[in-house]
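What follows are several structures.
Next come two complexes, and both contain subunit A; in the first it sits with subunit B, in the second with subunit C.
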Partner chain A sequence: MASSTLIDRRFIARGVERTGTARFAMWLAPWVLLLGVGLYAAYLCLYYGLNQTNMDNRFAFGLWIFLDLSIIALGAGAFFTGFLVYLIKMKELKAVLNSAVVLGFICYSGAMLVLAIDVGQPARAWFTFWHPNTHSMLTEVTFCISCYLVVLSLEYIPMLLKNRKLRQAPSFLAFEHQLHMLVPVLAAVGTLLSFFHQGSLGGLYGVLRGRPFAFREGFSIWPSTFFLFILSAIAVGPSFLALTTRLVEKVTGKALIPDSVYQRLGLISGLLLAFYVAAKSIDTLVWLNVTSPAVGFAPWEHYSYGQFGIWLMAAEIGLFGLVPAGLLLWPKTRASRGWLMTAAALACCGVLLNRFILTVQTLALPTLAFDEFMTYTPNWQEVATFGLVVAYGVILYSLSYRYLPLFPQEKELAGEVIEEGTHVSGR
Partner chain B sequence: MFPGVDGFHWTFAHVIFLAIFFAVGMTIVATTVLAIWRAHRDVKTRRVEQLRWHAEFEDLPPAERTCRHELAGRVEHRTCPHAFACGTCPEYSKYAALPTDAPEYAFGMDYPPNRLYHRGHSWVREDEDGLVTVGLDDLASRLVGKPDAVVLPEKGQWLEANGTGWRLRKNGCEMRVMAPIAGEVVETGSPAEGWYLKLRVPPEMRQWRHLLRGGEVPGWLMRELERLQLQLSPEGSAPSLADGGMLVDGLMDQMPKADWDNVMGGTFLQS
Partner chain C sequence: MKTQKPRRYGMVIDLDRCTGCGACMTACAAENNVAPGHAKATPRTGLTPMLVQRVSNGGAGADRREVFIPVTCMHCEHETPCVTVCPQQAVELDKATGIVNQMPQRCLGCRYCMTACAYHARYFNWWDPEWPVGMERTLNPGVAVRMRGVVEKCNFCHGRLHEAEDKAAAAGKAEIDPADYRPACVEACATQAIVFGDLNDPASDVRKASRHEDSFRLLARLGTEPKVYYRSKQEWVRGLAERGQQEVRRG
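Then we have the complex of A and B:
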């Protein structure tokens, strides 16, 4: 950790410790390799087409759409933290706001990257804006995600310009300051956009009348999945933020945020998760007893194929919903760093499982008399592209952590080495 | 979608959707343009130096934002919320009237009482000819020793208080010394002369309440020496403070392997 090994010292903020340049390069190396493999797979898919994947007419949505939905849900911590800090004035969460913005930017740009490969012909991407189908939920998703990525970029720029070297340029310093002053406007716009695109991603499945497993009644033009997606995203957003921050603390061996911020994130996540579990349970009961029978499917028929048994529903609502909600709401378990992280991890797994079920199980189940149950396994090109997004995320976050002030309280907390079971007192 | 595209016709859905979309889009564009325009204005009006100082102040750890009244022992604990702009502090007078119990020695360093001191380790002295002399204080001079290079402002240049005064370079470490007061540069000096700038300051701007004086100086120096000892402690050793001794001249040369980048950041209030 000696400063003499930091040949990039002039780009790193004063008063914070970063690992030596060589060690940092070694940390990045495997991720760069994964990125390279992913780029090759992406090239194959873009050059030769989707015949390079295991997707087909039945499984038009596969691993990539699951990845998109998942990272967009996990990235909800960005808009929700901005909403809590700037609009609800929960100043305590400023400690994780920068990290939330970077995570959000990574998640949304990663999602756009995969969508560009999945949809193909990126040079014709403008078609979706020029010839939109205004009756499609996907159109609203496309517009909102594109706009929100611009918003996230604008929120990321001030952080980028806070880099020690960049802020020496007067124009950068002034632009960073002025953009930062206007961030509450961007936070409000981001909240509006996120509310609609998170919802529309869920609504996308809820309106599928031809897929009784996913179809839901709802309010006006919005099926219940519209609201459940929003709720689940804002419920796990804070959990994901707590989890990633803790992971960075473990990797770097440094305290980055006070314990009170972890507690606050846990409480917010717990409350919203409990509300989500209640809403999801009611929705499931209505679907099983009313919606599904009305279109000719017995309640348990959906769970009688292959590995997609009733255990999935039990795991989604119970193990990954009710359990983490209870752990996060009970003060004693929330106060324990181990239990808090276990609950946060379970909550994140829950949203991943939910997106998997809606993406893959919906398409796997037969809906017509001559239909068959079909399974789908992604091939290496799809997995490598998945890895491309993960590697891109790790690399960008690592670079951001090294060169940008992601955690403003890091200097204050410096020296408080993190060990299991120890808490950094709140300030 | 738009007129001119085959088969296009306006529907209520188009109007609602596009109205919301363009409202959001325009908000984003307007926000960006406003930020660019304001930034351009800040650069043109030389407000950047003030912005820089406020950004640097925000980044200072609470221990380095100690109020002057705490330094003087007038209050037990107070952190400055005004970027050391005591001239605009509504509570300045209330605390200034309290008695001080600060020590009256300067830890073996040269801090004449006829000078005022900036937290960024520069000093100010009013001369008989009406000009104001500015220099680097003894602690910073002892740390730097003889600088490798000095970059001074040109004669006639206007300096902003807390803006860039001059720059020093030593052993590859670049330091920006903040101007303690605003004024026009009349003459430039050198380390050998013991001063760096002579400024002409208009009478209406001779309000230097933000500078430390009297009993505030030893309290400030004590904290600065504590910070130095902690920052210069060998890596891995337990924090310990010396209870005697004097700061040697040219410490940067004496301890070439220390993390001077970090030490100088703390000394000259830069993150």
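Then we have the complex of A and C:
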């Protein structure tokens, strides 16, 4: 791309190639439009109330809670990569660490944004800190997510300060250096916080004694879903990281990380996914044979309503669990970029399906003998707010990629093309 | 002043007596300042702390049987699901009365308690409460109006309990007179299908009725110890206690 079109050249790191400013603006334009529509929908919900949505007294949770659970699970790559790099000393993964932090920041800040719209009285959010109910999983989630977002911000700031223009300010450089020294500590704190809030998000459903579809026994105060959510999040975190990195490579036409990093991410994801599938299968068997019958619910009845058949369980554990685990663990398929990405996508879909089932199916199923099975379809305000988070994520990631050193090995790999004959200027 | 012994308020609803007239629902709304439904409200977004549901046995013709089941907050005693999940202690189980109270002024409106309730007995204020001009004069001054964006539910007409306690205190008594505290739905029921009182009191009608061989509780196997009981001589009605094998239909 001709340098004359790069009017923001002074903000772009030396030695890396970025697309022209006009082309970059065109790339952002549709996302900004989506952001605008989403902001309008959010305004409607905040100003006129949640009557602007299709949620109701039965479907008190809907698309937004599904979105929150999903993006927090997918964003687990941030803390888990930090854990692997700084605590397990898997230095190879430094190649994706910055990108993981940005993705994590996007996922968590996006989740907080949607939560603020999703509650009836957002101005009372601080009450949870002032009058915390220590028995509530949601209290733990609120505390840990808030704290972890601060941690992610502290990890993101040094990256911001590495911007070519900002580095010219000596005080910023010194501040960045100081923050950088804190990063291993932040990684440890982030790991601790994340283990708890990922688990507590699962616990949100597992403790619901009044919803036999979701209720699980467990260990001490934690239902089994607490541990399953942690496992599933750390299993798909690396897959999501591999998938997004590959997507960026495709969009920009550049090689950003070495193949060995993809392989490592795939292997970690595969191992954890296999472990998760085994744990999930055992948990399901215990629930079907012990937990659900004990509270008076025939286990298979849960799968006898509408579209929520047994196929969902089979898809979740088999197609989106066992299959990607196998593909990621078998060296031949893992070595193939196509299979690796297919498996990563299946794993990510699996965690989305799991969060969907726990959020929507739990509420759709009847509890009283004379209850009806109910369904719910989100309306445009809910979908647009969903789009707001997606647009926010794409815009922030695009800006971060353009102006910040997300992939430290990009310069080394600059000569490599991702596919024969597709070496094009990146965005 | 002496303190009163811990009570466990509960009710027994005789389903064989319930005619489905809905007086209990109306009385509940009037007593608790529940605003008329918004023009866009649906049965799924309305506010009905007491909801009479019509249920049939699924039979046809002469085999068809129907029953009206008033469903309200069950004031669960054990591991009360809505109390344990609320992140900011806006729901509490009052150990002195056994009543599960909702504090709308502290409610965040996260609706987690609604997902926790097996009885769907909690309601969200989807709209600002509005009364037609002039109707605001019918508001009960003893009950605070709830704002948009918070959850509410039956509290056994807690305002009436306060009045009874004030009356007892003014008379220098430690115990309230049971006749002074009856929720609006109990008072309004024309067939006296609802018996209310202290389940801890061995002499109370509610205690005796709750222990009758015809009495049952909904979803008792969940283990939450609900304090609202039902009674019926009809076996198929008693079979509605748990999700069973028999086919039922909401009418």
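Quick note on the criterion: the second predicted complex is superposed on the first by the 417 of 427 C-alpha atoms of A that agree within 3 Å, B and C clash if a C-alpha of one lies under 4 Å from a C-alpha of the other, contacts with A are read in each partner's own complex, and residues count from 1 in each chain.
Criterion: contacts are C-beta pairs under 8 Å (C-beta built on N, C-alpha and C of every residue); 3 or more make two chains touch, one makes a residue touch a chain.
Fair warning: this is a prediction, and the values are worked out from it, not measured in the lab.
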Discussion item. Once chain A of both complexes is superposed, is A:L368 in touch with subunit B (first), subunit C (second), both, or neither?
Written reply: second
Worksheet item: Looking at the overlay, does A:L154 come into contact with subunit B only (first), subunit C only (second), both, or neither?
Response: first
Discussion item. Contact-wise, after the overlay, does A:K89 reach subunit B, subunit C, both or neither (first, second, both, neither)?
Written reply: neither
Fill in: First, second, both or neither for A:R209, with subunit B first and subunit C second
second
Item to complete: Give one of first, second, both or neither to describe whether A:G120 is in contact with subunit B, with subunit C, with both, or with none.
Response: second
Worksheet entry | Which superposed partner A:K332 touches (first subunit B, second subunit C, both, neither) | neither
Discussion item. Tell me the contact category for A:L192 with respect to subunit B and subunit C: first, second, both or neither.
Written reply: first
Item to complete: Go through the superposed model and pick first if A:P132 touches only subunit B, second if only subunit C, both, or neither.
Response: both
Worksheet item: What is the contact status of A:K411 with respect to subunit B (first) and subunit C (second): first, second, both, or neither?
Response: first
Worksheet item: Where on subunit A do subunit B and subunit C both make contact?
Response: 130-132, 135, 139
Discussion item. Quick check: in the complex, which residue numbers of subunit B touch subunit A?
Written reply: 1-2, 5, 11, 13-14, 17, 21, 24-25, 27-28, 31-32, 34-36, 38-40, 42-43, 47-48, 51-52, 55, 59, 61-62, 235, 257, 259, 261-262, 265-266, 270-271
Discussion item. Residue numbers of subunit C touching subunit A in their complex, please.
Written reply: 38, 40, 42, 44-46, 53, 55, 69, 71, 79, 81, 84-90, 106-112, 114-120, 122-128, 147-151, 218-219, 221-224, 239-244, 248, 250
Worksheet, complete the sentence: Listed in rising order, the residues of subunit A that touch subunit C in the complex are 49-51, 56-61, 118-121, 124-125, 127-128, 130-133, 135-139, 142, 204, 207-212, 294-298, 301, 362-363, 366-372, 374
Worksheet item: Inside the complex, what are the residues of subunit A that reach subunit B?
Response: 1-4, 9, 13-15, 129-132, 134-135, 139-140, 143, 147, 150-151, 154, 162, 164, 167, 170-171, 173-175, 177-179, 181-182, 185-186, 189, 192-193, 405, 408, 411-412
